[in-house]
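Please find one structure pasted underneath; my questions will follow.
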Amino acid sequence: MSLQDLISHKVAHEVLTEDHLPELHEHEAIGTCILYNATDLHQCDLQNVNDLPQNPDKKNTWIHWRNLNYCPETIALFDKFQLHALIAEDIINTDSRVKIEELEDSIFVSTNIPINSVDGLEMRLQHFCLVLTENTLITFSEAPDSLLGDILRRLNSPKRRIRKQGVDYLFWAILDAIADYNTLYVNNLADHLDGLEDDLIESNHSLTLPIIHATRRRITQFHRLTQPCRDIASRLTRSDSDLIAESSTLFFRDLYDHTTQTVEATEYLREQASNLLELYYTTTSHHMNEVMKVLTAVSAIFLPLTFLAGIYGMNFDYMPEIHHPAAYPIFMTLLLGIALSLTVFFKKKNWF
Amino acid sequence: MSLQDLISHKVAHEVLTEDHLPELHEHEAIGTCILYNATDLHQCDLQNVNDLPQNPDKKNTWIHWRNLNYCPETIALFDKFQLHALIAEDIINTDSRVKIEELEDSIFVSTNIPINSVDGLEMRLQHFCLVLTENTLITFSEAPDSLLGDILRRLNSPKRRIRKQGVDYLFWAILDAIADYNTLYVNNLADHLDGLEDDLIESNHSLTLPIIHATRRRITQFHRLTQPCRDIASRLTRSDSDLIAESSTLFFRDLYDHTTQTVEATEYLREQASNLLELYYTTTSHHMNEVMKVLTAVSAIFLPLTFLAGIYGMNFDYMPEIHHPAAYPIFMTLLLGIALSLTVFFKKKNWF
Amino acid sequence: MSLQDLISHKVAHEVLTEDHLPELHEHEAIGTCILYNATDLHQCDLQNVNDLPQNPDKKNTWIHWRNLNYCPETIALFDKFQLHALIAEDIINTDSRVKIEELEDSIFVSTNIPINSVDGLEMRLQHFCLVLTENTLITFSEAPDSLLGDILRRLNSPKRRIRKQGVDYLFWAILDAIADYNTLYVNNLADHLDGLEDDLIESNHSLTLPIIHATRRRITQFHRLTQPCRDIASRLTRSDSDLIAESSTLFFRDLYDHTTQTVEATEYLREQASNLLELYYTTTSHHMNEVMKVLTAVSAIFLPLTFLAGIYGMNFDYMPEIHHPAAYPIFMTLLLGIALSLTVFFKKKNWF
Amino acid sequence: MSLQDLISHKVAHEVLTEDHLPELHEHEAIGTCILYNATDLHQCDLQNVNDLPQNPDKKNTWIHWRNLNYCPETIALFDKFQLHALIAEDIINTDSRVKIEELEDSIFVSTNIPINSVDGLEMRLQHFCLVLTENTLITFSEAPDSLLGDILRRLNSPKRRIRKQGVDYLFWAILDAIADYNTLYVNNLADHLDGLEDDLIESNHSLTLPIIHATRRRITQFHRLTQPCRDIASRLTRSDSDLIAESSTLFFRDLYDHTTQTVEATEYLREQASNLLELYYTTTSHHMNEVMKVLTAVSAIFLPLTFLAGIYGMNFDYMPEIHHPAAYPIFMTLLLGIALSLTVFFKKKNWF
Amino acid sequence: MSLQDLISHKVAHEVLTEDHLPELHEHEAIGTCILYNATDLHQCDLQNVNDLPQNPDKKNTWIHWRNLNYCPETIALFDKFQLHALIAEDIINTDSRVKIEELEDSIFVSTNIPINSVDGLEMRLQHFCLVLTENTLITFSEAPDSLLGDILRRLNSPKRRIRKQGVDYLFWAILDAIADYNTLYVNNLADHLDGLEDDLIESNHSLTLPIIHATRRRITQFHRLTQPCRDIASRLTRSDSDLIAESSTLFFRDLYDHTTQTVEATEYLREQASNLLELYYTTTSHHMNEVMKVLTAVSAIFLPLTFLAGIYGMNFDYMPEIHHPAAYPIFMTLLLGIALSLTVFFKKKNWF
């Protein structure tokens, strides 16, 4: 089964969630190799390093590897390309920091792809590494291949710039696709937060609170991811490595722009999430104030009235006024007067 | 229809809102070209790059383009001036970051103009780009032309400095007009916030809260816009490009001053908006405290009295004191005494 | 009328408020010129640039100008000293940023003097500019002359260092006088805030809140003013301009010290103001808690008692216990017992 | 008793707590010395500096010292290796700052190992110092030896890299083991905090509050520890000391990665702890709001009803309506109607 | 009276408070001079600069001056050592900033010693200055001499390092003594804050609030003091002055460590103080919630019961049920049932 089969035809125009991830089939190839230059493109599946095709005319080589475990095949790949033990460790450890290492004859980038959990409230990170050496780019991915669909399509059309350039351009194109996905992810977060804000202003729904909290958590996690991504782009812009052509600098500067925009958007979202929580507090506090006023007004009107009624419920023998025929209507009028004037008073104070 | 016709006679002395924006007419020119030097000025409309007039005596050229879509005319313009694909992308993508790129033979500036929504509670950004090359300035604008009215008027009067200088001065003059508009915008925000503060101190109106929130949001958004504007001014001040004359440095330093002032004013506003919200909390909390004191005092006075009245409403056969003629007046005096002393007590504690 | 007459004999040992400002008389001179060296001092009023006295022996010259409008006299002064149009704009625009410009043959400083409003709750800024050129210092002031009183007195006494040094020392002396005034202003703010803190701890007076808010606002505004003042001092310390003698460096370092101290004191005040507001909240919240406890205790004692009394106020025909002679005293003892034990319970919980 | 005996066979896969610490036996050796190269390894206990074995073939030497008091044996060790008085002071003072000193012929690192108190709510720091000189590494440890168990096991197997490299590799391996332990510790903190969050969302248990506070305190303390640890790693990455081989740089860069990851995780935890406390507030405030609504609704329903019932409990002689046979059922129906409509009203306002 | 007599035998192992300060006697010497080298030490009191002993063999000289007023004796001292007027001003102005000035032939340090007020709630600063010139150290002190007791004792013992080194070592020793005192002070603050935390968790005592506020204020003030102290140590570490021997660098680095530790401890305390206040809020809010629940439960139980009892207290002629013998016990059972079920309901909701 080839990489091309794997990628769904929809490009990554939606944030990935765990239940959309294609399940890996049992006998699936753990690697794909693409040899290409301006005129030719050859693609084959790899079960093993020995499956790597000969490359006598030094075509550009892209090896995409789907296995991040310490299995013999992966170790053989590391040995074949003489990756340092610590780089190998960073590839296999899926909790590695997002970072770039410029070694003598290669550039190593370790990054992560954010994937939503099924309920959309949690963010999981899928590890993704790139090793750029002379003529060859190796990518290691825990993430679904669909992210790379667009790249593959461009590679297949011989007129595209990507076919005419070296592997440094492919390296940029993949990083750019990840940056585009991150932009998509932050926009998705922003839409989610806007929805929460609308919910809050409309109905102060008590269910909103834990969702705001979870969203804020995702924003913080995403922020931790995007900042080192920007550092990677910044380092590549200023890189003096032979592996990156002078003419590619503008492309990496563009990558830097896009990652910066994502970082800034994330920082804006963090602020919005905090503001939303503040709005939640203030709204709650305002509502409580309103409720208190109603309670106080109700009590201030009926407690005195009840007391007065209680007076004439007493059983003293000598209460001369209760024997007068007009006493009852006069007293009721008095009560009504008190009730009305207190009501008007509290209405004026805007307590209802 | 010419640029001159388009611009309203009022210069941008008011913050633009969406319903003040002139609607584009169907057959409107998508570009305007102005050739000028100290003695001559020639202006014409452009439907197409081919409409560009000949310029044998190398007059200063200003091309103002109103179409930011990927239409054939715009692509032809990009080709004519050999703009890099990534620069073209930044022009057409109206969400591009505010930034400056100093390329070999040109300077590219991408910025945004803030426009209020009709209800004044939201801020939309209109994209505006400038490309400065030798003898020629190209501006791309999603924003209304009225912002440039003042520039055009100065260009038309042959005695003005702007006619005697190169396109770098025109470049500065446009950036300065945008900076002035931003100053206007931040002052407008400040007035709005001051009004909210007055509303709050006077009447603690519940309607104020979502408006404070929306204003704070606009301030944060505007802050995100102004900071990179300052960076652009700072970069231009230190630029060593041949496109900018030595003598213009002081002008760009002045631009840096104005953008800095806007940034500082925006930061001050952010702090004010936070303080206002804090004031809202504290005022609400203070009011609730007052309401609570009233409720407690009312309850503490009438609950005991009602209980005492309830005692003598009981129907026990042997309650000797109720048969005494003086019992009722004595008891009522007692109740009055309790009521008075409690009232005085709470008055002294300042609970009413 | 001379500068000397104008300045009140009290030096600026008090923060200026708007109603202490001397009103400008109609026919008052708009400028004063002082020519001085170690042996001579000559002072004259200026209505016009033409009134400037001859200065054949190149005495130090101080021109103090009181008009910041775009009137012909001021324009003539700008022309006479060939000030750049943008510098002139910064002088006349009284909202200019606090800043320093080191030009080729002059140093320009724009700053502001804080003046209290009559009620002491608002801060207004008076513009003050200095232009230092060879042998000549020009000061432009919207602020009252009294600030400069001390300088003038020192200039008049021939033994003072100020008479023996160049205009760079005078330039420093004026900036130092402004720094001293700012120190005075921040101390005044600190005293005001201490007073508010005492008010708050003693009586939690509801009037305090908007005053704390206004004071905090003044502190923020003052902070915005003092920070660029420090930058000016810092720049002058490191200046390599010919206009400032080597031997003056220590003086500008001292100025830097004083401005730094003001900035730090202002930052401390900001923190204090925030802490004060927090204290206000917490105190309010603590008071509300106390009030709530009283309300709850009162309700928890009297609601059950009232209910019990209500029971024996019912008119059922067959309520055997009410006919027993001992019923009333027993019941009353029961009520008393309940009341007492609840009171003791709440006293122990410290709810009264 | 040897170092090997001391270390428990479980490696430090759990955070250490005080009651898991092995107690030091009375006659225990206060030091252990290990001489090793690729072929040989010799280990002996030290009671004294004189016990140090001869080392004619310049094997790598690791001296592990367990006594951090100012006893004669420790002083003799300091003298033997000519440690500067101030370094000696930093070793013996168990409150020393976490730091690195690059001296002429040695590198000194002072760090701390976090140990939980028995109840898991407090963090204690155990001092740990390393002195790297030519061919010799001396470690001083207040912390339990078990942390070093893994190192010793690797040293004992002749095929491991650690045996083939110099003491700089051993130096790195020990620092890496400490970094791994810190990662373990921060993960333990994260699990603890997640548990608290679950507790809070499920049951808002009042016991949670002081535990959140104590956890937050541990996080802050741990943050203070990890930041200088990162600085140490950063300094070692850039070190030009002869004591550290060029080839080790990548290892120290890896150490830098791990410490950075710990710092970032700690900062994320701090934010989470603050968010958790905010969630606690908001939840409390939301609950109080709910409680208030119930109280207000109950009062608003029953206070008027009680008053109305009180009216017909009065004993006026002339209350004509009470003599009508239908009065009682009509009145009761009225009361029921009021009660029902108020209940419906408050249900609609969602107050129950 | 000599310096030695003055210093109390207890070294500064306690934080100084105002009532522990030794009062200056009327005829006390305003200065002390100590001449020393490795073999000799000569000490004498000074009333005057003329009392300064001859120093033909260029011994190290320490002059300790206790008068910081503008008296003739102090001015004579300034003149004798040719101190610059601005340095003299910084010595005499006891509010001077904490700072270091490296002049051509001397190093000037201005610092402050924190002293507690008698009630322990406020912090006063005592000014302390050091001037290091060739062979001579002059100290100016508003602070009590006891701080220097330990230094003097070390000077008096001929075997101590301090006697064998130059005045730069003495300069360091005094700064180190001050740093040690600051460490003591911050530990004292930490103990105080821990006590407050215990008070708060145990009893939520209302008296705690203003004390937390005052302590937080002391911490902020102390923070402002310690940060420039660290800068001084940092500057001395990197100093290239001839006055400081190369071999002293390690000592100043140690001083830098100690001051850094104090700064970090102070920052930790600030955070703790803020957390403590937050804990105070949350605890208050939690308590109020508990109180509210009690109030609501009490009201929700007794208001309906009282109403029901009120029904059967009405005097309608035709209330058939009240004539039935079983009515009273049935009704009472009903009330009891309502009371019990409501109680169980609120118990289950954990409102008691």
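Lettered A, B, C, D and E in written order, each chain numbered from 1.
Keep this in mind: a contact is a pair of C-beta atoms (placed from the backbone, for glycine too) under 8 Å apart; a residue touches a chain by one contact, two chains touch by 3 or more.
The model shown is predicted, which means the values in this text are computed figures rather than measured ones.
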Shortest path length from chain B to chain E (each step joins two touching chains): 2
Interface numbering overlap (same over half, different under half) for chain D and chain E: different
Turn needed to bring chain A onto chain C - CA fit, degrees, nearest 5: 145
Distance between chain centroids, defined by C-alpha means - chain C, chain E (Å): 28
Inter-centroid spacing, chain D versus chain C (mean Cα positions, whole Å): 45
Overlap residues in chain E, where contacts from two or more other chains coincide: 281, 285, 288, 292, 295, 299, 303, 306, 310, 313-315, 319
Category of the chain touch graph - line, ring, star, complete, other: ring
Starting from chain D, with chain E taken as the next chain, the full ring order: D, E, C, B, A
In the complex with chain E, residue positions of chain C that touch it: 201, 250-251, 253-254, 257, 260-261, 264, 268, 271-272, 275, 278-279, 281-283, 285-286, 288-289, 292-293, 295-296, 299-300, 303-304, 306-307, 310-311, 313-319, 351
Residue numbers on chain D that touch chain E, as the complex places them: 84, 86, 89-90, 95-97, 99, 101, 206, 209-210, 213, 216-217, 220-221, 224, 277, 280-281, 284-285, 287-288, 291-292, 294-295, 298-299, 302-303, 305-306, 309-310, 312-315, 319, 322-325, 327-328, 331-332, 335
